[in-house]
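Okay, so chain A shows up in both of these, paired with chain B first and chain C after.
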Partner chain A sequence: MELKEKLVSSFLAFENKGNIDLDSTVHAIRLKAIHNFEKEGFPTKRDEEWKYTSLNPLLKNDYSLFPNAEKSVGFKNVKDYLINEIESYTLIFIDGVFSSFLSETTHENCDVCVLSSALARPKYKMIIDNYFNTIANKNSSLAELNTAFVKEGAFINIPKNTIVPKPIQIINFSTGSEKEVLLQPRNLVVVGENSYVQIIERHQNLSKNTTLTNSVTEIFVHKRAIVDYYKIQNDTNESSLIDSTFISQKQQSVASVNTFSFGGKITRNNLEFYHEGEHITSNLNGISILNEKQHVDNHTLVDHKSPNCESHELYKGIYADKSVGVFNGKVIVRQAAQKTNAFQQNNSILIDDGATINSKPQLEIFADDVKCSHGCTIGQLDESALFYMQSRGIPVKEAKALLLYAFGNDVVEKIKIPQLKTLISKLIAKKLNVQLGFEL
Partner chain B sequence: MLKINNLHANINGKEILKGINLEIKAGEVHAIMGPNGSGKSTLAAVIAGKEDFEVTEGSVELNGEDLSDFAPEVRAHKGVFLSFQYPIEIPGVTVTNFIKTAINETRKAKGIAELPAKEMLQLIREKADLLEIDRKFLSRSLNEGFSGGEKKRNEIFQMAMLEPQLAILDETDSGLDIDALKVVANGVNKLKSEKNAVLLITHYQRLLDYIIPDFVHVLHNGKIVKSGGKELAYELEEKGYDWLK
Partner chain C sequence: MGKFTEDDLKKELETKEYEYGFYTDIESDKFPVGLNEDVVIAISKKKNEPAWMTEWRLDAFRIWKEMTEPEWANVRYTKPSFQDISYYSAPKTKKKLDSLDEVDPELLKTFEKLGISIGEQKRLSNVAVDIVMDSVSVATTFKKTLNERGIIFCPISEAIQNHPELVKKYMGSIVPKTDNFYAALNSAVFSDGSFCYIPKGVTCPMELSTYFRINEGGTGQFERTLLIADEGSYVSYLEGCTAPARDENQLHAAVVELIALDDAEIKYSTVQNWFPGDKEGKGGVYNFVTKRGLCEKNAKISWTQVETGSAITWKYPSCILKGDNSVGEFYSIAVTNNFQQADTGTKMIHLGNNTKSTIISKGISAGHSHNSYRGLVQISPRANNARNFSQCDSLLMGDKCGAHTFPYIEVKNKSAQIEHEATTSKIGEDQLFYCNQRGINTEKAIALIVNGFGKEVLNKLPMEFAVEAQKLLEISLEGSVG
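On to the complex of A and B.
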């Protein structure tokens, strides 16, 4: 049976399996979502937005949709994937199931907990009604699929005037309890006026079995609120990720999403920003360092609807072996969005002849008083810089690594959590297979 | 220390060096002068091991060892240092981190343990003071946004840190005002000893007022056409290069 049919026919069973306590409006949303998915199906390469990324290799697998209950996973199994040097709230999911044992939640000044309880409890009904699936429902069949099977994920609700004192780490582990697993985490983040939160999200396969994750995150950023969101993508070569993140911003808010892609088989990041007010800032930063046959596709959209807003986009990529990178950055400046500043930059280095980057900036500008720019460079390592370093006694391998470090540095510099910056520096050094005697 | 025998080198099939012979002993300062396009910078790059050039004949020996099969970093480990005419900018890598890496890689190649952080810092400060380098400068990205003078001063700082046997200074005076030139020359003079040697490559006699050479060679069309003492530099300044062609 094809994956699509399997999913559609499993839907009823899923609906009847212990989800009856869900609010009826959520039921309706899910029902509509499965219909939309059934109608649209998985995207194919004929679809313009999926021209350079084929899901076909992923759809052949016979995924377990409702994996067995978690195997025994202890702190020692997961601690390497957490940032332990800082105090943080942690939300840890094992094969899609929340692990209260490994997590640290709170309801004290803000809610850092799980979506299943928010969906079930009357206390959160208003938040769910106001926000849930209100921006993820934009013609993406994969987001619809996630919505249809929505069950678990992070629920973060920050009231107004609240600085969340420590970062929140959301980590989805798969244990390989079954040969091929499909996971569909769903996160909802609501940040009230004048509030601030830092979130780190990671997906990690602990086994050699196959995992496909179809993740959806909705983030609502109210007036003058600030959100720093970090995505660490360093999964095994058996793991693929489709990550769809939708962000709605109110006036004077600042939202930054930083994506670090170093691993995984196929990774597709759909990142969409919607502006609902003036003087909004959106920052999109990413760095991909790939080798072997890894494939990362960064698809971004910034929809400027109101005047006096700005967006800054910087994606860098280093591609070795037969790896493939895709960058598709769409910026829409609608007629009302006068005085928009929108900047976009995509720089790539191809290390080997077999590596590929498809870079496509897309600007659609309907307003006349705007500053918009986009730039794209694709190059190789600078030979004269290599010689310079070698002439100082730095071996060619280390010299290359140092240059690549330097190339990615302006993205790493955007990280506001020092311990995370250290971790990313280490991951980069590991990926480049060098040991440098310092941290950036 | 350095012995160059009948050195011929090509780039993209074009012969640039056409039989260079040169011997430099420990404790000596040699200057190579010559008009544009005579092969001065090529000679510097070939000694340092730049792979764009193909050595077709002859050899470069350091302390009796033929360097021709060694990569640039290995030559550096053996004591060759090249100060660049146009130092490369490396954003994101600070001067300190760069020099730390260079020192420790060199030590690693020699089988010596890494220099402890404290000693490294002390050494960096000492050498920075020698070249009148502001401490703040050390935490800036290597050569990024540096003025011409800062770049050259930084080259000599690196030389001071690495303590090479043979320092080749390629057009170190270009782009320097007179004050910066004095600081750089003063640094080089302080680093000079009986155990090391300096090869200066320059267009002008100006630098040689501050770093006084024992020998001056004139390079023209890929060959050394005249050698002499420091007075040769003055003669060149006066007469130009035409009389030697």
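On to the complex of A and C.
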């Protein structure tokens, strides 16, 4: 049976299992979503937005939709994937199920807990009704698929005037209890006025079995709030990730999303920013370092609707072996959005002949008093710089790695959590397969 | 004189009539509307074409019937009904012409009005002109001079009769019948166009030029240009286009094929000024053109275009850089005003080693118009040391227009070096103020700034046309700052 049919036909079973209240708004949302998905199906390469990424290699697997046999996972299994040097709130999900044993949640000052309880408890009904599934793109069949099977994920609610004292880590593990598993985590983040939060999200496969994750995150950033969001994508070659993140910003807020893609079979990042007020700043940064047959597709959209806003986009890519990199950045400046500054940059280096980069930086501009630009370069390492380093006794391999490291450094420098910066530096060094010889 | 305000300018511009919107009263021989195999055969018969050509057309027609109109372009329009168009219209007073003196005086008057007085050009600018009016070539000047060097420059209908070996070999080799909807349509019904062959090692001594004009109402113009530059030759070619003002939309679907063999160089310039529709967006020409060139070893193709007319423009002059060390260039200024929509750009396909391409695209949108750049740079896995530089800048005038960029960059070779940059801005108030302060009125200042904005492209035009193009820019844009 094809995956689409399988998903559609198991929808009823899924709802029954969860003892869903048929009168609830969530049920109505789910029902509508599954209908939309059934109508649209999975996107194909004929779809302009999916021109360079084919999902076909992922769809032929016979995924288990409701993994139940949970293997026992202890702290020692997962600690390598956490940033342990800092105090943090942690939300850990094992095969889509929340692990209270490994996690550290809170309800003091702010809510850092799980979506299933937020959906169930009347206390959070207002928030769910106001925010849940309001900005997830209804035209994206994959986001609709996630909505149809929404069950578990992170729920983060930061009230007004709150600075969250420690970063929040959201980590989704898959254990390989089933041969092939499809996970659909759903996160909801609401950040109140004048508040500040840092979030780190990671997906990790603990086994060699196939995993496909279709994740959706909705983030609401209210007036003058600041959100720093980091995505670490360094999964095994059997794991694929489709990540859709939707961000709605109110006036004078600042939202930054940093994406670090070093692993996984196929990774697709849909990142969409919607502006709902003036003087908003959006930052989108990313590094992709790929080898073997890895495929990363960064799809971004910044929708400028109001005047005096800014967006800064910087994506860097280093592609080796037979890897494929895709960048599709779209900036829309609507008629009302005068005095917008929108900058978009995509720099790539191809290391090997088998590697491919497809870049499509798009601008759609309807307002005249704006400053918008995009730049895109594809090139090689500077021969003279390499020679200079070699002439001073640095072996060619290290010299190359240093130059590549420097190439990606301006994105690394934007990380505001020092321990995370160290981790990313280490990951980059490991990926480039060298000892950099210095700690950061 | 009181201060000439921007509002005045706007008004003046809006009320400005299309300068080339006149209709010449020449009796023409026109087919009834509609398209079927009989019409295709009739066109072919009218042209006394050999059987292989008729077959070629019919084949294209069958392909076209299976195709659907493309939807992907960033333009919105009511689709032309292909059964309401007359596919052949020729000025009736057609006979064999040896010199200009035999041309219908009424026709000559038309050209004079167009500002391309052939006589004058013949004397002054040393340009050989082939004029295509309602799809039929009416006059080719300078035939003798060209013949002496072995250059063939004639209507394509003549080439089919006299040089079938060249036409057979090259027609459809760059833009196949199956290429796209409009190319297939053109292949089936093209009525005339220009054919040019430059022999080995010959540098064409003058600019070659074709002038296109749609005169008759309810007709479509489907011309086909085939330009072959044999080894080591050079040619510079210019085409210009106008159409009278009409309420209904006229269709123009042309195909241009360029072949630059080893070491050859082709410079192809276009000044397109089809009727853009009136200020309510009524009427205007639909310009759906397929232009493509092939570069063999060390060859160079350079496209330069100034696009100011047409209600809808859908045009991507492209280069296939097949030979090693070949060079492709694309310089474009596209100006849209009122309700015009343009979706234009280029494709640079790098197949050979050490191939280079340059793309400079300047878009200017005013009024309610939309201007899109859509370009593809593709480096194939075997194209070592490919180099591309692209720059697309947009200038917006007023807050009701749009500027869009859709660049596609696909690289499969590690030695490629690609740079792409795009900017969007408006005319700086400080720049305007600076000019005003020195006694240059706003209208002149805008013309000055726009000309400066487009200078990189205007510089690439042949001398004689650079002036005309600059004037066109001013006419299309003057004072559209809102």
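Convention: the second predicted complex is superposed on the first by the 433 of 440 C-alpha atoms of A that agree within 3 Å, B and C clash if a C-alpha of one lies under 4 Å from a C-alpha of the other, contacts with A are read in each partner's own complex, and residues count from 1 in each chain.
In the analysis below, a residue touches a chain if its C-beta (ideal position, glycine included) is under 8 Å from a C-beta of that chain, and two chains touch if they have at least 3 such contacts.
This is a predicted model, so every value here is computed, not measured.
Once the two complexes are overlaid on the shared chain, A:Asn409 sits against chain B while remaining clear of chain C. When the two complexes are overlaid on their common chain A, residue A:Phe366 makes contact with chain C while staying clear of chain B. Applying the stated contact rule after C-alpha superposition, one finds that A:Phe75 touches neither chain B nor chain C. After overlaying the two complexes on the shared chain, residue contacts for A:Gln390 are found with chain B alone; chain C is out of touch.
In the superposition on chain A, contact of A:Phe101 is made with neither chain B nor chain C. When the two structures are aligned on the shared chain, A:Asp382 is found in touch with chain B, with no touch to chain C.
By the touch criterion defined above, A:Glu398 reaches chain B but does not reach chain C.
Those residues of chain B whose C-beta lies close enough to touch chain A in the complex are 48-52, 71-73, 75-77, 80-82, 84, 87-88, 90-93, 97-106, 109, 114, 141, 158, 162. Across the interface of their complex, chain A is touched by residues 72, 381, 394, 396-426, 482 of chain C.
Chain A meets chain C in the complex at residues 48, 335, 338, 348, 350-380.
Every residue of chain A that touches chain B in the complex is listed here, in rising order: 382-385, 387-396, 398-399, 402-403, 405-410, 412-413, 436-438, 440.
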